[in-house]
Structures are given as C-alpha cells and as structure tokens.
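The data blocks that follow each hold one structure.
In what comes next, chain A is part of two complexes: it sits with chain B in the first one and with chain C in the second one.
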Partner chain A sequence: MFDAKDSGNQEAQRSARYTNGSSHRANTKEYPPSTNGYPPSTNGYPPSFVFEAENAGSTARKKVAASLASAIDRVVSETWEGSGQASMAPMPVLAFASGRAYTQHTEPAVAVELRGVTKRYGSLVAVDHLDMAIQSGEIFGMLGPNGAGKTTTIQMLCGLLKPDEGEIWVQGACLSSSPDARRHIGVCPQQLVLWEKMTPLEQLVFLASAYDIPEKIAHTRALLMLKALGLWEKRDTLAKYLSGGMKRRLNLLMALIHEPSILVLDEPEAGLDPQSRVLVREYVRAWVREGQRTVILTSHNMDEVERLADRVAVMDRGQLLSLDTPDQLKRQHQQGDLLEIEIADAAQPHLEEALFVLHQIASEVRWEGTIVSMRMDSLVEHLSLVLGVFRRFKIAIHAVRTRPSTLEDVFISLTGRALRDE
Partner chain B sequence: MRRVARSLILHELSERTRDRWVLVISLLFAVLASAVTLYGRSAGAKAVGLTGPSLVTLASLFVPLVALILSHDAIVGESERNTLGLLLSLPIGRMEMVWAKFIGRGLALSAAVLLGFGSAGIFAGAVSRQVLWPLLLPTLLLGLAFLSLGLLLSALYKRQVSAASAVVVVWFVLVFFYDLGLLGVLVISDGAVSQGVMRALVIANPAGLFRMQMMEVFLGTQGLEQLGMTARVPVSGVLAVLWSAWIVGPVLLSGWILLRKKVI
Partner chain C sequence: MRLWSVFRKSIREQWREPWGLALTLGTAPFFVLLYWLFFGGTTPFVVLVFEEGRPPLKTATKEEEVSAGGQLVKLLASLKRPRGGALMKASLVEGLAEAKQRLTRRQAAALVVVPRGFLQALAGADANAKKPKLRIVGDFTDPQYASVAVVLNAALQRFVQEATNTMMPVEVAKEAIARSDQRTEFENYVPGLLILSVVMLIFSAAMTITYEVEMGTLRRLQLSNLSAFSLLLGIALSQVLLGTLSVLLTFGMAAILGFRSQGPLWVAILVGAVTSLSIMGVAMIVASFARTVTEAFLLSNFPLFLLMFFSGAIRPIPKVPLGVIGGREIGLYDLLQPTHAVVALNKVLTFGASLRDVVFEVIAVLVLAVLYFGVGVALFHLRRMRIA
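Let's turn to the complex of A and B:
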C-alpha cells in the first residue's frame, strides 16, 4: 500500500512539487475547531486515552504508566490491528500527544538548503561549495562512494561541524545564527547510538525531556512509538540485552522522539532482518506522508535508496554530481539494458574471438568466470544477434538473464569503478 | 536551570546508580566505615580520638577512588559508545553539558559518601556528632575535587581504557606516593626546605589538604605539633578558594577540551 510512488497520480503530485522552485514558499495547515474541548481528530484515531492519562493529575508515575500501558494495548488492538494497520506508525496520535496537531503552523516549502557549503580538513576539501535544496515532504537520498562528503555534510547539518564557507538553512533559519534550529532535525546514525544501561523507555523519555517535552507527554509518546516499532515488550529491558535489530529500531525512535520535521537516516536498514526492514520502511514512509516531513537518507544500498527516495543526489569528492528523481537519473545516465549470459564452461576455445565480435554489437562487454555481461541500447533488437554469435563460435549457453538499468548503474557511471579509501 | 541540563543531570545520576563498580566500592566503604566506628566506640572515652583519624584515613583512600571511577568515563565513554554526538546534538552547549555531567555524577558521589557515613552513624551513637559531622563536608569536597580530576582525564583521553589506567596512576600518586615524596624531600633536604614551602606542597594536593584539615579537627594544633607537624591549615577563606580551584578548575578545563574536540 505504500508503493504508491509508482502510481501515475503520485508521480504527477511529485512532479508538481518539484516545480515549486527553491524559494521559501509556505504551506499552511489549518485544522477545524474542536467541539468537545479536545483537539480535533484529523485521522480518525481516538486521542482520548492520551488525555485521560494526562489528566491523571498527581497519581503515582507507576500507576500512570500501568494505565497507559493497558490503554495503549486496548487502542492498538481495537483500532490499528483491527483495521489491518498494526505495523503502521501511529504518528497522528503522537502529534496529538505533543499538542501539535491542533496548532496552526506554517512550514517553508524548502526544509533544508545548503548554499555554497565548504568544509576542509587541511588540504583535503571534504565538501566543496555544495548547493542543494531539499523540499519539505520528500525522501531525499544522498549517494556517494566513501569520501564523497556525505557524512561531513550530515555532521554540518546536525551542528557537529561548522562549515568553513557557506550557509546551511533549516526550516527557514540559518544554522550558524540560530543553532536552536537543530531541534528540527533528528539523526539516526549508521552505528548504534544508545546507552546500554538504560531501558528503551528511559532513553526515549530522557531525550524527549531534553527537548523540553513535558514528562507525561514524553512518556505517552515513547510508549506509542515503542508499540509501533515492535519494542513494547522490551520497553523495560536494559538496552544491552536487546538484539541488534531491536537496537536499530530503538535508534530510529530516539531520532524521532522530539518530533523533528527532518529526519536524517544513515544506512537505516543495516543490520535489520527483512521483516524489520519492511517495518522500518513503512514507518518512515508513514512518518513523512503524515506531516509533510522530510527524510534525508544516505546509504550504500542502491536498492534501498531507489525504493525509498523521491529524489537522489549523487556526490563525489565533495561535489554534487547529479540530482533528480531515480527515474530521471536513469534516463539521463542511460547506459542501456544489461544482458548476462552464463556459459557452460569458461575454457571455451573461441571465447575471446566471440567477445571481440560482441564488442561490435554492445557498448560494454565484461567477462568474469562463466558470466559474459554486456550492455546495449536496445536489447530486443540485438538479442538474436548476440545469441547467434555464441552459436557461431560453438559456445554452449547455460542461462540468459536480462535486467533494466538501475540506480547502481547510474552511480557507477557517475563515480567510476575505482575503489575508494575508507 | 534549563530543562535539558536538568534532564542530563538526572540521566547521569540514574546511569551511575547502575554502575557495578561504584556500587561495590561504595558498599565496601560503608562496611569499613561502620566497622571502624564500631571498633572505636568500644574504646570508650578515647572513641573520638581513635575513630576520627581512622575514618579520615579511610575516606582519603576510598572517596577519591569512587570519585575517579565515577567520572573517568564521562566524556571518553560517551565518545566510545557513539553517544557523544547525540548528546551534543541536543539543545545544550558543550560547557553546560560538562557541568551537567559533573553535577549528576557529583550527586551520585554524595549519595555514596552519605551511605558510608550514614551506616557508620548507626554504630557511632553519641560520638557521631563529634566525629561524623566535621568529616562530612570536607569529605564531599575531597570527592568533588577528584571527580573533577576524573572528568578531566575523561576529556583528555581518546580511549576509556587509557582513562581507566590514568585513574589508577592518579590515585596512587595523589593518595599514596605524594606524602611519601614530601617525606623524602624533607629527609634529603635535612630540613632545609622551609615550612612555608612544605605547607604549599601539602595543600597543592587535595588529598593532603583534606588530611591536614581533618587532623587539625581531631588532634588539634597541639596534637599536630606532637606529631612534628608545624604546618597550619589555611584560614577558612583560603580553604574555600583552594577547594573551589580544585573542583572548578578541572571542570572548566574539561569543557575547554571538549569545545576543541572534533566529534564524529
């Protein structure tokens, strides 16, 4: 249900969004007034239990936690699981918990803008006059080999590094003059970042309270998030006893607990099993769609980026090489379709002659072991010709495979095949 | 105090209470303090003269160790766990973060000291007012000074194991060998080093300052002279300045190092 990005309608919406330009245009959200004193529901989910918990007054914290736990169990089982949305992030309710859902607010159309950002380490230019605008509501992929400048860019975005030149604007505020704008950003780094001697619930509540979120709201929100990402049962278990996948999911929640409008994900699916990958992917997509939020995603897994990202920036040596939607990138850097032929035996007497002939047909021919792979503009036109060459040189074919151009092909085409230092 | 700093202080305090080493050493301190007090109580009239100096020796050994263990991983530990970047991305300045860590761990240290003296107080009976109350504040100051030193070690080193090794060295040097070194200086110089210089050297070490301060409390000036110690404890104003310097100085230095640190 979340693969809607392939539908024509969504594609049209996305195209329209990208033609907005990079000016700071405002999207205004308005919500109807409440009639019962509670915030109006924009999503059909009942927020009442959140307010019941908040109104518990001076009840002991443990009692509040216990009543919340049962309330959440009830609501989750009755509403989300009952409607087949058990794995979905209950972000609208989280928004109620923060009081944001009924607050009229304005968001700039550009979530993050880098203007001529440069960072040097001695003579090495890690990021070189980088200009980039990331729109609100999009999943933005950043690709690049090691040393491309992705991590440095993200660290500058998070305020851990200061650019030597240029400016970074986050939600309409310049980071250098308004460091508090950092709170718009949540970061889920590649490596595990958690406190081993604290429980998931304690870690989330601590981070939320560090962002000035009242404790009861933080507690409620943390419980809801833990439920949504399958960590409910482990909420009171010390983090050191969680599995690697659970720790990764907890890390994602730690990046989101303060309700940032921009989420930076560094290799989000590393160390996750397929089930967790699907859960995290759906959670992130739901999070973005629900609140016109933004995700900046860096990964070496092209497949992951192609599946998730609306737009992709390819970087190398600190510079932006290309920026567009995955489909457009593939069209722009068309390398042709790939044909792979697996031969029965690598020690064929006429293989080299056959490869010479194939070079006349295909734009690129590679031979590794028993696999001969080649790229050509129109596979349909040339397939019979290629197979004829193998027949002519009496080379037995074991299997024939084809695949269309991928983002990885674009990446290799832009950044080359040379290995990079870590 | 800003909410973020308060949250970090509570976070630090709660994490420390789960530190096995801190718990073990605190409990050992409590048990030994209780044993010393119980033994001293049996001395009857001489209870104060016997229990006081014994507790001073015990506190000067254990409290610096607990403090150093508590704080040596404050920054380098976060760095190794990759959580330093996360903490620094919170809306809190680096210097403010260092102070929050110091206060949080200081509270944990104070709890350990109170546990030790509290358990001793159960056995002390009537002498507790004469022995434990005068000890409490200087012991806390001694602990905070070593906590501050541990924080500095945690900012200086890039690996936690290196900081832990430095803790052992600092503890041995300042708690054990420093006094022996001064004694050696006295013997070698055959008394040529003036009392003023010796006094300055003694109070240059927080452990020495603590011992001198406490010896005067329990033995009095005459008692010190009988032991051949003619150095005097500085007046209270100077004492306050010295303790403040020992506590605040290393914390500020740690913050300064963290400000210059590149966090990945």
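Let's turn to the complex of A and C:
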C-alpha cells in the first residue's frame, strides 16, 4: 500500500477530487469537503417556479411572469381549494423514488486510482488529465458518448495501455512499476471473447492456469461458477454451440475465474434476455457484496447503470464532467421530471395561451398533436398547478403520464445531443 | 445488370484487401525476379573432376598440372551456352570422398573420374588392349545429373579426340553414388513432399496464433501476464507435434505405396520434427503482421514459396555463397531451414546416412529454429503484446 507521505497525498487528492467534481478541468458545482470522502447531499430541490420565472431572460418575460404568478396563484387557489382536494395524498403515480441511498459511512479503501492520467493518439487527446478514485466495494459506472475516452481509460487501468502522463494505482500498487497488479482486475468485454472450440469448463480451467491457479482448485471453482450462472448443464458443450445468452454469461465468468478484486464490465447486459439480465445483475451484486469487491461498469444503457451503479462518472472528450451517485447527479443536473398530458382534442381554442402559462411553470414545454409534454422540478408539488392551468383554460385532459428524471437526462444535459463519431 | 453489380462489388472488395491483392498479383513476378537475380538464366552446372594418381595441387609440377584432369577442366570451363555464358563450372578435386560428399549435399551436379595415366594409355594402346574408361559419378535422384551427364558425355568424347588427335571413341560409364540408381521416380519425390508437409505448418501455426488476436482472447491472456514466449512456445510445441504426426503419416502412406528408406527412418522423422520446430519462427513472424486469420493465410503463402523454391526441396538450386564458417561454405539459402532438411533427408532416405552423418544439418536447423523463434517472439511481442 502507500507509505505515510503517499497516504497523505492520497487523502488530499481525494478531498480535492470531491470538492471539484473529480476533475480539475471539469467545470462543475463545488461542494465543501465531506468527512466521509463522499460529497454531501444537496438535499432539497430548487424553487422551481419562481426561480425559473425570474431567470426567464428578458424584462418583458419577467413582467409577464410576475403577473402570471398571481394569476396562477388564483388558479391554484381556485383549483386546489375549490376542488376540495387539499387534504388528498399525492397521486400514487407520482410517488416514485429510486430507493437508492449511498449508505457507506466508513472510509472506504481505494481500489483504483487515476492521478492526472493522460493518453494521446497523435494530436488527439483521448484522456485528458483524469483524476478519479474508485472505492472498494462499490459498483462504479462510467458513462460517456463514443470517443469520450472510456475505453482508453479502461484499457489503461487494466494495464493494456500505458498512460502518457500520470499514474494508475490498483489496490495500492502503481501499474507502471508493478504490472502484476493487473491480476487484481478481471475484464468482461462487450464482445464475446471465448475460445469457440473449447467447452466452458475447459476454457475456465485453461484461463485459470494462465494465472497460475492449480488445476484442481480451478476445476472446482469453475464448476461452482458454472452452477451459479446456470451453465452447469452446458459445462461440456463447445462454446460455439452455446446460445448467445449463455456465451455472455460464460464471458462474465471468464473475467472472474482468477478471483479478481476488481471487475470491469463493458455493457454486461447487452444481448441478454430479461431472465439472464436479472441473473447476471444479482450475481454481480452478490459478488461485490461477498468480498468488498469493486465493479467498474461501462455502458450506453443508462437504465442498466442507474440500476447497478453506486456512483457514476460521466466523461466526454477525455475529461471527467461529473462524478457522483446517480441520485445526486440527477439532482445536480436535473432538468426536471417529465409530465405528459394527453388532451382530448388538439384544436382547443385556448391551448396556446395555456402553453404560454405552462412555460412559466415548466423548464421545457413541447406540444405535438394531442400530447403536451413538459419538464419540471418537483413534479409532485406542481402537478395540481399544471392541472389547474388546463382547467382554467377549459382544456379537457384525456390522460396524464409522468416520468421521473433519469440518468439519461443527466447524460444528455452534460454531453449534449450532437452525434459522436466512434 | 445483377452480374455487373456483383462483378463490381467483387472488384471493389479485392481492391480494398491490399495484402491479398499484393500477394495474388505480386508473388509470381517477384519470384521470377528473384530467380533471375540469383541465377540470371545462365547458371552453370557445377562439375568436379578427379584424376586418379594426380599429386596434390600444391605440390604438382608444371608438367603434371597440364595432365588429363587439368586439360579436361579447361575444356569443360570453355563450353558456352548457345546464348552465351558458361555451361559448366568445373574444378579439380583432390579426394574422391570429398567429391562424393559434395555430390551428396547436391553442391555439385556430377563428378568425372579420370583414371591414372589416362591419356598416355589411350595414346599407347593397341587395338586389342583394354581401353581405359572415364566415369561420370552422380546422384541419380538429382534432376541436374540427368542433364549434365548428357552434356558431359559429348564433352568427354571431344576431349579425347582433341587430346589424342584421333576419332577414337572413349567408353564413359555412369556411376551412381550410394544407391541412388535404385531409387524410383516416386521415391525421388518423397523427401520434397515431406518438406512440403512440414513447411505447410506455417499456415496452421500462423492462423492459430492470429486466431487469438482476432478473437480478442490474446487480450485475456495478456491480463494474466502471460508472456509472448509462453504463448508462442505453447502453440509452437502443439504444432510441432502436428508436424511430426504429419511426417509419420506421409512416411506411412509412402511406405504403403512402395517407398523404401535407405537409412534409419527415425532419423528422417527426427529431421522432420526439428524442421517443424524451426518453421514455427516463420509462422510467428507471419502472425506478427496478420490481424485476421484470413490475412495470416494469405501472408503465409509468401514464406511457403520462398522456403519451397529456394531450399532445393522442389529442384536443387546452385549456391549463392556468402562466406565460410568453420571451413564450410555458407550460401544465401542456408539461411532457410528446409535447405538443410532437404540435404539431411536426401542423405538418410537416398544414401542411407545415419544420425552421425546428418549432425551438421540437424544442428544448422536447430540454430535457425532458435534464430527465427527469437525474431518471431520479439516481433509478436512488439506488434501484438507490447503495452504502449
């Protein structure tokens, strides 16, 4: 592990990392240092309506907003009090909560640490002075559009690429001076990396031998793993005859046969049917829990990352844009939850006026055919207000749908909508 | 219209496969150029002349130097091809054993043995006396021997006529070294086919190694800190086993069809196995440059041609001397492993040589095996396994 001096530096860096959003170049919100090494919760939502109205832009808009505020207050009062629903509990559909809470309170050990890591390909800077620490026992998601530098970062921390600058520490060992530290890492790539003409059991035992694991131990371990991921029956079938899902599961086991403490998962659920997805997810979670292990997860599937990851790093153009728990990220970068209202008829005489009013409540309002969709913070708080506007303008509502803010919203907010080349 | 579309698609794809296109179009012209550069179309036959009873060249007197052997060498050296260029490269040798060894190694096409006092005997011979005869000794399994023997027969008749100033014909006997005259045409081809079966390992070995690259499994192995040496040697040994089996099967098939080895078969199998090992280095060099199995297959054709045509496995080729090491003349093709394997197999299968007789060749193949293996591992590590 580190000596006393290194340890001090490490602590200082970790503190700096969490105060500046993990990258000294990233232009992200700052937080005071926390005692447990994790960012403190921002707790609470911004005052959406007034805040948005005051920040609407032009003076005219501000005036309109002010007058509308009182008008809508009246609407609120009419709708809320007039309807006699003031004592009603929030609608169940709105009672969404991710249920995720980062409950780690003790100082976690660092599994992987990147210190000022830079990688260039000619004039292209694939990874740009990246600082990041991944703790033991966490599932760490890495998100980013194509060309963000995720793959290069992963390859460097696996020891398959050398950084041009900076250092990578894996379980307390610097990769450049201790290449053996690679053994702590298991990689499950997105593409199937199997020996097609070997059976699952054979290839697990063979790969274990490459890690100097005695054959007897490897054999027993392989059988247990095959059993756990539902491949027992196929242990003696050539890999080329396995189904796509079975190959994916075997692909995962290949990364784990040498019992690494860090597992790199690249799109682990791609190509899996729902049953296999659940199985793999539970297996990975159990694997992490079992021995305070670490998973580094890269994926374009935001739902997958949101479901699995404890913390998420969003990268783009080689830099770390943001790093936090999924909930915190959504809070920091939220554009609000999505509310969709389906109106009975698109040819409503006061629809445009209603939309104008709604625009003062919501951060984003779209109207397509009979669907009016809007994004707002604290949907629960504002739903009645929105419904009141529709009632005020006598617009009949056919259906109401809501969707909470997702990691994908955060991702798009941070990285933009422009298409990226590979 | 569809035909035209398919044709255009096919042309585009071939155009965009540079390795395949280069090999398809370039290999044959390239080897034509190489042959021309090395042989120039006028490569003379190497002919040795041994005169019985002649004193060693260093102690020979002026008078003795212009003996029958000396005169014959001059005559043979003066023969020209119709389009110019020497027909033969003739030289006197001091020992019969040394001459026969060179024939065995196919460093010479034929040996002319001139009996002691040959010209004097011809000049003084009466009609009833037994006339001395010349001998053309050679390896009857060597394709060059057949050609040169015909030319030599005519040249020797002319030599006798000029030397004795008569039209008296001289008897010329053809003598095979070892038992090469007892070999059938089929048996003559077997050593070459054995070499082919071994050289063909380049394909399977290069493709096996490249498969790891193409499938990404090499990355998995890299993570385990497996070295290029372990990976390649492991694959190489399995291929050597394959090569040895291939040699055994080839021998087995040949034996069933009537092939007889003059020497111990196990020595020939040993030569085959050692050559298989030496070929692995070439396969690794190919694998270092191939990214896919298809590329490995295409690229393997180049060393296959090189090793088959320039090692003498298909047809004996004249030496392109580079220098002398340990008293042995080293030629350009001695850098190709099958060159030595061909000689060793010929010695064993055709001339009945034992292991002791082919030790030099076996060691040469082993040295080249280490050399090529080292280059192969270094290149593969550099291009495929180096952390950059």
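Note that in this section the second predicted complex is superposed on the first by the 264 of 422 C-alpha atoms of A that agree within 3 Å, B and C clash if a C-alpha of one lies under 4 Å from a C-alpha of the other, contacts with A are read in each partner's own complex, and residues count from 1 in each chain.
Definition applied: contacts are C-beta pairs under 8 Å (C-beta built on N, C-alpha and C of every residue); 3 or more make two chains touch, one makes a residue touch a chain.
From a predicted model like this one, the values you see are computed outputs, not experimental measurements.
K.L.:
Once both complexes are superposed via chain A, do chain B and chain C end up clashing or fitting?
P.N.:
clash
K.L.:
Does the superposition put A:356 against chain B (first), chain C (second), both, or neither?
P.N.:
neither
K.L.:
Going by the contact rule set out at the top, does A:241 touch chain B (first), chain C (second), both, or neither?
P.N.:
Neither chain B nor chain C is touched by A:241.
K.L.:
Check the residue A:202 against both partner chains and state whether it touches chain B (first), chain C (second), both, or neither.
P.N.:
In the superposition, A:202 touches chain B alone.
K.L.:
For the overlaid complexes, name the partner, chain B or chain C, with more touching residues on chain A.
P.N.:
Touching more of chain A: B.
K.L.:
On the A-aligned overlay, A:162 touches which partner chain: chain B = first, chain C = second, or both, or neither?
P.N.:
So A:162 only meets chain C here.
K.L.:
Once chain A of both complexes is superposed, is A:254 in touch with chain B (first), chain C (second), both, or neither?
P.N.:
both
K.L.:
Enumerate the residues of chain A that count as touching chain B in its complex and touching chain C in the other.
P.N.:
Common to the two interfaces on chain A: residues 158-161, 179-180, 182-183, 185, 187, 189, 191, 193-196, 207, 210-211, 254.
K.L.:
Could you please specify the touching residues of chain C with respect to chain A in the complex?
P.N.:
So the residues of chain C touching chain A come out as 215-217, 219-226, 387-388.
K.L.:
Any idea which chain B residues touch chain A in the complex?
P.N.:
Going through chain B, the ones touching chain A are 3-4, 7-8, 10-11, 14-15, 18-19, 81-83, 85-86, 88-92, 262-264.
K.L.:
Which residues, counting only chain A, touch chain C once they are in their complex?
P.N.:
158-162, 179-180, 182-183, 185-187, 189, 191, 193-196, 207, 210-211, 254, 258
K.L.:
State the interface residues of chain A toward chain B in the complex, per the touch definition above.
P.N.:
It comes out as residues 151, 155, 158-161, 179-180, 182-183, 185, 187, 189, 191-198, 202, 206-207, 209-212, 254.
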